[in-house]
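Input: one structure, supplied below.
We just call them A, B, C, D, E and F in the order they show up, numbering each chain from 1.
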Amino acid sequence: MLRLATPDYLRFIQSQSLNATFGGGEANVAVSLANYGIPVDFVTRLPKNDIAEWCISELRKYNVGVENSVRGGERVGIYFLETGAVARASKVIYDRANSAIADIKPGMVNWEVIFKDAQWFHWTGITPALSQGAADACLEAVNVANKMGVTVSCDLNFRKNLWKYGKKAAEIMPALVEGCDIILGNEEDAEKVFDIKPEGFDVSNTGGEVDAAAFESVCVQLMQRFPRAKKVIITLRGSINANHNTWGGCLYSDKLYLSKTYDITHIVDRVGGGDSFMGGLIYGLITYPSDDQKALEFAVAASCLKHTIYGDFNLVTVSEVENLLKGDGSGRVSR
Amino acid sequence: MLRLATPDYLRFIQSQSLNATFGGGEANVAVSLANYGIPVDFVTRLPKNDIAEWCISELRKYNVGVENSVRGGERVGIYFLETGAVARASKVIYDRANSAIADIKPGMVNWEVIFKDAQWFHWTGITPALSQGAADACLEAVNVANKMGVTVSCDLNFRKNLWKYGKKAAEIMPALVEGCDIILGNEEDAEKVFDIKPEGFDVSNTGGEVDAAAFESVCVQLMQRFPRAKKVIITLRGSINANHNTWGGCLYSDKLYLSKTYDITHIVDRVGGGDSFMGGLIYGLITYPSDDQKALEFAVAASCLKHTIYGDFNLVTVSEVENLLKGDGSGRVSR
Amino acid sequence: MLRLATPDYLRFIQSQSLNATFGGGEANVAVSLANYGIPVDFVTRLPKNDIAEWCISELRKYNVGVENSVRGGERVGIYFLETGAVARASKVIYDRANSAIADIKPGMVNWEVIFKDAQWFHWTGITPALSQGAADACLEAVNVANKMGVTVSCDLNFRKNLWKYGKKAAEIMPALVEGCDIILGNEEDAEKVFDIKPEGFDVSNTGGEVDAAAFESVCVQLMQRFPRAKKVIITLRGSINANHNTWGGCLYSDKLYLSKTYDITHIVDRVGGGDSFMGGLIYGLITYPSDDQKALEFAVAASCLKHTIYGDFNLVTVSEVENLLKGDGSGRVSR
Amino acid sequence: MLRLATPDYLRFIQSQSLNATFGGGEANVAVSLANYGIPVDFVTRLPKNDIAEWCISELRKYNVGVENSVRGGERVGIYFLETGAVARASKVIYDRANSAIADIKPGMVNWEVIFKDAQWFHWTGITPALSQGAADACLEAVNVANKMGVTVSCDLNFRKNLWKYGKKAAEIMPALVEGCDIILGNEEDAEKVFDIKPEGFDVSNTGGEVDAAAFESVCVQLMQRFPRAKKVIITLRGSINANHNTWGGCLYSDKLYLSKTYDITHIVDRVGGGDSFMGGLIYGLITYPSDDQKALEFAVAASCLKHTIYGDFNLVTVSEVENLLKGDGSGRVSR
Amino acid sequence: MLRLATPDYLRFIQSQSLNATFGGGEANVAVSLANYGIPVDFVTRLPKNDIAEWCISELRKYNVGVENSVRGGERVGIYFLETGAVARASKVIYDRANSAIADIKPGMVNWEVIFKDAQWFHWTGITPALSQGAADACLEAVNVANKMGVTVSCDLNFRKNLWKYGKKAAEIMPALVEGCDIILGNEEDAEKVFDIKPEGFDVSNTGGEVDAAAFESVCVQLMQRFPRAKKVIITLRGSINANHNTWGGCLYSDKLYLSKTYDITHIVDRVGGGDSFMGGLIYGLITYPSDDQKALEFAVAASCLKHTIYGDFNLVTVSEVENLLKGDGSGRVSR
Amino acid sequence: MLRLATPDYLRFIQSQSLNATFGGGEANVAVSLANYGIPVDFVTRLPKNDIAEWCISELRKYNVGVENSVRGGERVGIYFLETGAVARASKVIYDRANSAIADIKPGMVNWEVIFKDAQWFHWTGITPALSQGAADACLEAVNVANKMGVTVSCDLNFRKNLWKYGKKAAEIMPALVEGCDIILGNEEDAEKVFDIKPEGFDVSNTGGEVDAAAFESVCVQLMQRFPRAKKVIITLRGSINANHNTWGGCLYSDKLYLSKTYDITHIVDRVGGGDSFMGGLIYGLITYPSDDQKALEFAVAASCLKHTIYGDFNLVTVSEVENLLKGDGSGRVSR
């Protein structure tokens, strides 16, 4: 997906140029993993035009395999981004209707071939939000992955401005999530998609500290509803303002693991923060299979760093994440 | 329509930003006329979002009325532009499907109200190329204009990469052009749309000098086919290379008028060249109603200057065009 | 007025380009109101050159009427802006001498015609600071407005580096302010212009929290001195450093109304902050004529948002201000 | 003088930034000479503000002495530049009224001290065009230079949009030119300032080849009128269009010397072309005192190169000019 | 190699930023081939730092394999580029001493493994110019390639400002060229490296048309001296000025094949022109093994297009080259 | 030294341009002093190429004498800078090997001539880290300065990634520091170079507040070891994160003087912070010879302002520093 963002905190109406990068939930996770040295393939559908070639070249640059993506359809999806500051929120305008991926249909991708040597399949709630075909193709992939023993993870990623094709998230998502081993969400997703609310927590609270304990209730409910899930993870963002957030997460498996909370006082770009969490989490779960706390902390530290990096992609290495995990968040010049 | 162009002759794959301006056939003509002091209104359909507000603000900046445009639909149409050089052609990638104007339907615009004090209605062949609805709405406007005695002009503007909704230009355009008093085209339009070819002229010739006399034959055939037309005008572009064109035009009414030919050796931006010709022509025909040669020369000089101006719009004044008409093309510093 | 600002916190001596926007007290207020949907006209004097056309086109872009401005004089006023950071203050260098507006004289503008259907006239203390002619023309306007029953508001806006034509603010301003229904100022204006000091408040204090109660004393003194005034409003800026301010205001009418205080931790551009307050206030007073608290809160929230927007103009809508008034200052991405 | 130029051939109305450099007739000549290794001092008057410091720092960067400039006055003069292309001329808008140098008065500069070890004094017709005071100060300098045996050169440099203080060039210039040993002008200056026309040459011709022979007549008339002048030099610009000029010159002393003519097909920046000619000429006359042809050719080659360099200053070295003089204008990569 | 180029024709001394791209003889050829769909691997030596990672990511972006490059050494080589205009030549300043590739030694690369499935090995005369080690490693590669039956091509690419390690090109190059099947050079290389001069051709002529027939003599002499060579190719550049070149080539195998000559009137970037010729030639020779004329024309057309593309790399597709071969150099907008 | 920095917090791998400025320990101190009106000369060694001329022109711009620098050698040293944010540290990649200054040898500079009218000589620990020759030349300078009675100061400035020529700082630095009257360092230098640790202070602590008292112990140990030293100064940086530091210093002479601590919440550029401290300190010690507290406070305030200025150089005036010393750190707009 092409991301077109106004530079320097400008509003759209003031701009004469747009910074052009590429992103999107699954692509962002793929780039994270490639940066950590994990072989990764991004499977999507792209038209045959120069905008698509541009997109592919950027993924290739960051070492993400793109050979399994299929070509066809009309256009590359776009989202416009106006970066906010302090009390003025960033604005995303989706322009994804009729994109090649929105026009995908089951059968277009040969999942059996793709999953042959694969260990893990990740999808996000943005894909089934685009169209019935995308939802169907996603379900097809989940089913094949389940059959072939590939671990499946998802990021619920509810976006109210998508889901325009006549179905509600609540109608489509359950079948998909049923096939997932790992579920990631934030505080709104569980409620908006599955009507699962924590007890004693007010989700209308949009800023400040969050009560992590309340999320245990959400996790437990999710795992009861989707018994295949072994782990449920929730990102915890405290939105002090558009430039200043706190950031952490919790993971529920045998019990609730709670991460360190980072104070991100001068955000460079928070879009893709959740995806960078997922990328760090997958790396962490693969690398520390028996240490959920460590996996979680890796995910949180990795995505804390994402907030300092422009664009959707999290361009950090394992050793940079580990430095932060060791406690060096002082930002002293490395020379 | 949002125009997203790579800067500095970069290819898409090399770019990190896109220059964002607005344009489109009818809007470009409107801006030309507003610059010449002619009150002008741009009627289109735009969605209710910030990209549309941005578009509207740019038109307002150049003094084009936008109050009669209707609001609704999903998205603002986009075209991507990669500016070529020498033997490498500029590339336009249309991303207009599903735009608000493509989804227009007859009845959405109240043409009777809009044409109330209007003198002139101009449309281009791009609009009916977008969708059946757009073609229908365009025909509706032409019919109302005819009924109300408003002069109608059109620019045939054939684009092979539009016309994707199942109809061919040859099926749709005749009914529309029948209502036109003034017809503008270039050397390909007449052939591609109406299969009208000059005798003794090879349209496959894409460079060098053109044989203006051959166009008389085209004009006469067009006027025979569309008897309402009082004047047929053809722009004459000699494409030496992407940076260097010759530029002129001919107008057929009672006889063939041939303009001076300009040598444009260092093109800044040639997109919108034909529209700036049309803008100059309408101004010329209104201002010099009994002097077709003068009207034509104004149109050619105005659009010669357009090639030196970035973006789709021709930002020149009447006095700047007149200076060139007086023969001062020396480009000496004015101080 | 042309604003030429160094980019990216550069000092003048380091720069190779200057960002060019337009601004100025009254223009800034006009743009705010236009954004809120209030029909508004900006009356000034501009020369006949391309810099003036540029200025006019920018105002038109933001929907401000400019037809009533008169043309003549030598130049467009300029101010140079070097944006500071932390302990380094921003620097404004005025280059306004001899500008068209500084050379205005009474009689050049036909105020009777302009005020015919007008409801409100706003001026700022910057205009009479430019020249005797500008002061005289301003007084002329105030007098006509008073005669025609148009509400008059002013922003005292004392600038020590203007007022160079041989008169002091204290000599010129009283006659002007006598015609005002609404008076806006900040903590320095009242003292520097009218020698009105709060009791128990040290105005040399340039940072930190301010004692709002002390301002009641200032308001009461101002209203006693200018009995036409129905409301006196004071903006309350706490300058922690160049990037971080607190922001609020108080309004005195029947009693003192005190606004919420906002913590603006990452200022994008604070120039025009006071003008955006005035724009919000006029909108608020018109929209909530019997609720001074609400009008004040609208003004403060609107101008809080201004600090996040580049340039002099406050490019926000009523609904964006209302969102903040509802308490959502979390800056969460809107998508 | 601060030069504010739109980037990338944009018109003012399209721009959001202006490139900021410094220039002006005498400063440009000074920079040329400093680049050729000639010790040089620029004497002007500048206010005490950061814009003036910025200007001074740029001159210092290019090795021009600035210690003898006096400080005072209100503002730094400005000129706005919109760069044209092909048939659209570049536009200069002067904003120099009330500048520190325009407010200079005789007696402000101690010419006796400045000329103590000086060999050469150069002034241009722009200075006396600014104000009576500037004309008087210029005359004072010429008189002192004459008295102290310092060679005096001038560039007539007629600008119709200056000369606004009530005097015509024809009234002021003769007394100044009388003190000059070397006079430089172009084809318009002699006519516009002294009503000296070549016989058989049509100065209204603004493009194409010029008849160099006709200039001999101008030179002879100038030398008869100003008997102190030992050499009269005329720059010969053929303006094919804004991007493409021919460039040469002729020098009359004992006879007419005519230079090679250069074909400058892709101009980068032609402002300052005449000044770079003068800089090259002074260097040439000093370096080859008995070879006027060589001095002239150096001047022409140096200023030919200027057309390839952005800004007012000619940033080339003696060896680069000499390479071109040797005939290498092929532009092959030097590596 | 990191290329740091001043933007917009600026001289170094005027710049505040440098455009950063990557290039170098062999890398440029590799990118060309990758764009034509030929699997290609770039073998070099790069240090372990972020500048090297940046370089690698750019090659990967354009689909060039980099896995076989070895890591070690101190720095990435740099070249600074100042882009000239008209009579001012572009300037390249090499800063390659001590780079990782300059410190390469035989044995560091396992050529047997690399050439296992390879069809073609290409090297340029720049590599042996860097150091004895680089020359030795290059010879090692040529020898292995010869042994393994891999076609070897070279571009003589003489650069006088390299060759600083105590050996002359004439001492080193013969042994290397002896192993080549295909030799590419321009008019200076043969003379400067092997003292082979055409009869009746004056190489000091730096501009205008070249006498292609004279090159036949050079080709024949080269083939006599290096009997392994099956084809000798010479690029023919006519340097009218820095913006305007003519471009063609000739190939000698069984006889002299002479290409069409292109008139490149508005060069965007000519650095890498020779490399793009080589890339096109290898593609042509592979694709049209029995049609040397066609291979040559492909090479010339491909590299003609390179002059319109910014950076060292030739970012064109086979179909774009073929369009030009079909005669469409008109630069008409493709839409 | 050429500094090449990615813009806008971009990582190297994302960049397409690098901001080019110049800097380096001693040069930065020189610019500070020149800004305070102290005549200053920068003595280095630079090659004869355009990059060196560029460097020299920038120093000249800021009024630093460069005539005593010697010319020769291969290249200008480079450092690459990637600016970090929050928990992501800035990264410096040195590319200084083989630079002209690294290849300096004793005898190349005539220190006797340079120090003739000099009052002060300053060097930094970066120079002896480059090469044995640079260390030897530095020692030569210190010895001559000592002999001629010139005050000598040094900044220990330990950089672990330099010191690659086979000697350790601990082997080279003592002889150099023995000749110093004033020693500046930070909390790591003393330990890393001289193994001097404070008692009760944990240097591995990279963030937060520091225990100033502990530094007294370091100062006393340094003065005992280097008895010529009259004053030892330590900069105290609290690294909260890459955007937010606290900043202060302490000076030990007759007793420990501790400065005010500044809270720098929105750092623009912290590179060169220590050098700006040294520049301020030298100015302070010269200006207030008997008031160490005042000298120290000047140094701290000056370098606090440096953090708000882009590039290595501290571009502030004495009066701007004094404003901050008077307590005005509010950042209110100066107009």
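The rule is short, and it goes like this: a residue touches a chain if its C-beta (ideal position, glycine included) is under 8 Å from a C-beta of that chain, and two chains touch if they have at least 3 such contacts.
None of these values were measured; they are calculated from a predicted model.
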Select, from A-E and E-F, the pair of chains that is joined by more C-beta pairs in contact.
-> E-F
Reference subunit E; chain at largest CA-centroid distance = C
Tell me whether subunit D and subunit E, two copies of the same sequence, contact each other through the same residue numbers or different ones, using over half shared as the line for same.
-> different
Approximate Å spacing (C-alpha centroids) for the pair subunit C, subunit D | 44
Numbers and ranges of subunit B residues touching at least 2 other chains | 11, 13, 16, 57, 91, 266
Which subunit B residues qualify as touching subunit A in the complex?
-> 4, 7, 11-13, 15-21, 49-51, 53-54, 57, 74-75, 78, 80, 82, 91, 93, 95, 97-98
In the complex, subunit A residues that touch subunit C = 8-11, 13-14, 84-92, 94, 159, 161, 206-207, 239-244, 266, 270-271
In their complex, what parts of subunit A are in touch with subunit E?
-> 57-58, 60-63
Which part of subunit E faces subunit B closely enough to touch in the complex?
-> 262, 264-268, 304-305, 307-311, 315-316, 320, 324, 328-335
